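Both complexes shown next keep chain A, but they swap its partner, so chain B is in the first and chain C is in the second.
Here is the complex of A and B:
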């Protein structure tokens, strides 16, 4: 028992509730938000360090022991993601301060921002499948509010699709949970793993696992990403960045958890299917990324490519590939937030969204241009930026297991990423400037500094891989050896 | 044309109290029987919704001058707060406690901290349901 485990979910939850009461006082809301982020980040870091010393931590809510009660389980994998989430959310808050506008701030922007964070952190931490469903719902409900906040026509159009598709997938989620509970009689993840191993993963359980695969693919944007580019380009920049950075990652996390902890007995069926879906996702994402001329669409399709790329690691399922996937997940949360911020800032500055209508931005905003260049390098996976190590390790894992098709598609998709972003870079930043002296919009410091912070973060993450190495290898080890996780959860002495 | 709804108004004035009493009854019975904060809260909020339907929003607001969004937030706070209570005593998050107390009029009574948690749930449900009904009743 260790109550600190619930802190990364509890602090944002309390903050969100308090901020509802402070509706008219925007300054206090901002101040409390920052304070809360710092506290959450501190707690997350403390937990991560504690795991290194004491192994996987567990908290039984209300003292009800697993498998009957709700448990929160903190292992290195989940805590690395929680920590990254909180830090990225903190930087995005600063961007929101200067860009979101008073009207939206007064309509409970900050409370829902923190409710979203509550859901995301809860999903990462929970050790119970039904609780995962609840945390998903908390996250999705807040995202419904955030996507419609402001009520522009395009937002409402896209949000109807977004809400409909997510309701459908939540319904499937519930259905899959009911099937699973009816079959093996438990929903605690560690207990599920034990029971599935005991009875063997027969055809029935494999079909249930595929149902889960469909559910989380819808959330993560694996193959079933048709809803994603539209919805992610509708809301204001700070919110779009939050979605692009975090929401698909929660789905990816759930896929990793379920297919390494519970349904790992029939890799010929499930993991092959994941591999095929990953390949199709990368192909589709690459086509989308080079087909559109709207920056927001290009950026959204880049999210799709990354989802496919990360899931190749799950299809390969080796320890090296897992390490790569974890590095890449952390990197991708950072860099997608930066990419969305840059795209949004460019649209804010020029008032245009099509790449052929912009040009010469680097003359007016040199730092913005260079930041975009850094993003481009980092996303493609060029050292010393953070994308490099993840790509190398996933590639190494693919070669070790002989999955050459996955390897080829994954690395060719990187070239498409490079091309799609170079197209933005060359069209928008090079050439004659379109902005005359009178139309020059001052780039606010509050917008530029968060972008710069992300730019520095990707460099630091790239150079400081060594410091993360112990945590990541522990996380990958736990993922590949489910018994470590099971023992930590079901050991009633702890 | 004004609709003649004397019967509806008169009946409502009495029925609202019956619904409210039933809601409270459901809320308390939830400790050992079917019922509880969520169901009790739904019934309580149905009383408010009936009031809003029969009388107009302004009239009801004069009688019940609360911001229901804040009631929802207060309920959520109450529920989370009882969870933290356990943490303060060194127990796991959400641990509930109960004990027997000798109260002046009621005699020996079992008091449980889960009652506060359930009250939080009930407040949240009332706040959210009424807010939803009020929001969709407004013309855009």
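Here is the complex of A and C:
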């Protein structure tokens, strides 16, 4: 029992509520947002370090002991994701300062930014399935507002699709929860794991687990990604980057949690299904990424490919593959934020979104061009950048378990990632400079610096893998050994 | 009792799916509202339907109803209320901007 566990959710929540009342004072809003991000990041780092010393931490709200009360559980896996989320959100805030525009800032951009963060961090931390639903809804409702903020025609139209698909997936979520509660009579994740192990995962429970798979696949964009490219192309750059970096990752986190902690007894059915879905996702994403000429669409399909790639690790499910998945998740949160920022900045500078309408940008904006090149290398998994270690470990896990088809598709998809981004790079950055002196738009420092910060982050993460090693291996160990998690949650002495 | 309620849920889902498949935006929204009522009923049925017992009567009570599904539904209803309110406003704004409520026209990004 440790009260600090709630901090990564509570600080953004209080900030958000507080900022609502400071609507006209933009400077104060910005200042407080940064302060709040620093506080949250500090708390997250402290918790992560505490877990290393004391093991998994738990907070029983109101002193109600699990399995009856609501619990927050912080293990290395969730805290690594929380910490990455908060840091990425902080850098994105700086980008938003210079790009989002006063009009949107006054229409409660910052409060909803923090409500979204509340939902994301809450989803990572909760130890209760219904609470996970609530945190998802907090996150989704704020994302509905953020996606429509500004009220362009295209935003409104796309957001109807986005809201509709998420309403439906929330409905499935409730349905699955109802069936699960009716079957085993509990919603605490650790307790669920125990009970499912006791009664055995029969056909009924397997079907319920597939319902959960559908729900989280919709959120993560695993196979059911048809809504994703449109919705992620519509909002302003800073918001699109936030979505691309974080929202699908929460779905992926939930899939990992559920299928390693609760429904791990029938891997022939569930994990095979996840593997097939991952393969189809990577194929579909690769086709999308090379089919379109609109930068926003290409970038969105790259999100889809990454989802498929990470979920191959769950289908393989060995400790090495899990480590790879965690490294890759952290890397992907960083790099997708950078990719969306670069794409958005390019569109801002040229006023065009099609790749054939841009050319020779590297002469006008050299640093931007080199950053794009770094992103491209990192996404493809070339050392010394951060994508490398994740890809190597997932590949190693696949070889150890003999899943060669998954291995082949996963690595071929990397080539498609490389090709789709090289197309952007060669078309937009190389070639004749077509922007005349008069039309030259000055690249704001406030836009370039956050991108550079992400670029440095991916290099640091790639070189500093050793420093993360202890946390990641602990996280993977907990994922593969559910009894560690269960013991930490249900032990009433703690 | 449970069978009857389950049948009712089935009917509600049927109606909701019919509405969801329609082209009209408002009908679609009503469909989602009915759909969520169906799942709320399912939640309460899954907890077991009992007559004549209160949720909590101290430790010595002979009969009590499971309080958890009630708490779950209450939360779900509140969330659903918020989402429905939001999507209604969204539909109105979209109608004002695009002058249509036909979902086939509101297709979003044109793919080349």
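Basically, the second predicted complex is superposed on the first by the 494 of 494 C-alpha atoms of A that agree within 3 Å, B and C clash if a C-alpha of one lies under 4 Å from a C-alpha of the other, contacts with A are read in each partner's own complex, and residues count from 1 in each chain.
We adopt the following convention: contacts are C-beta pairs under 8 Å (C-beta built on N, C-alpha and C of every residue); 3 or more make two chains touch, one makes a residue touch a chain.
Nothing here was measured: the structure is a model prediction, and the numbers come from that model.
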item: First (chain B), second (chain C), both or neither touched by A:3; value: first
item: Partner chain(s) touched by A:148 [first = chain B, second = chain C, both, neither]; value: second
item: Touching partner for A:189 - first (chain B), second (chain C), both, neither; value: neither
item: Touching partner for A:177 - first (chain B), second (chain C), both, neither; value: second
item: Partner chain in contact with A:223 - chain B first, chain C second, else both or neither; value: neither
item: Chain B versus chain C as contact partner of A:258, first or second or both or neither; value: neither
item: Winner by number of chain A residues touched, once chain B and chain C are compared; value: C
item: Where chain A meets both chain C and chain B, residue numbers; value: none
item: Complex contact set, residues of chain C against chain A; value: 20, 25, 28, 32, 35-36, 39-40, 42-43, 45-47, 68-69, 72, 75-76, 79, 82-83, 86-87, 90-91, 93-94, 97-98, 103, 106-109, 111-112
item: Chain A-touching residues of chain B, taken from the complex the two chains share; value: 69-70, 72-73, 76-77, 80, 83-84, 86-87, 91-96
item: Chain A residues within the chain C interface of the complex; value: 130, 133-134, 137, 141, 144-145, 148, 151, 153-154, 156-161, 163-164, 167-168, 170-171, 174-175, 177-179, 181-182, 187, 229-230, 233-234, 292-293, 297
item: Residue ranges of chain A in contact with chain B within the complex; value: 1, 3, 6, 10, 13-14, 17-18, 20-21, 59-63
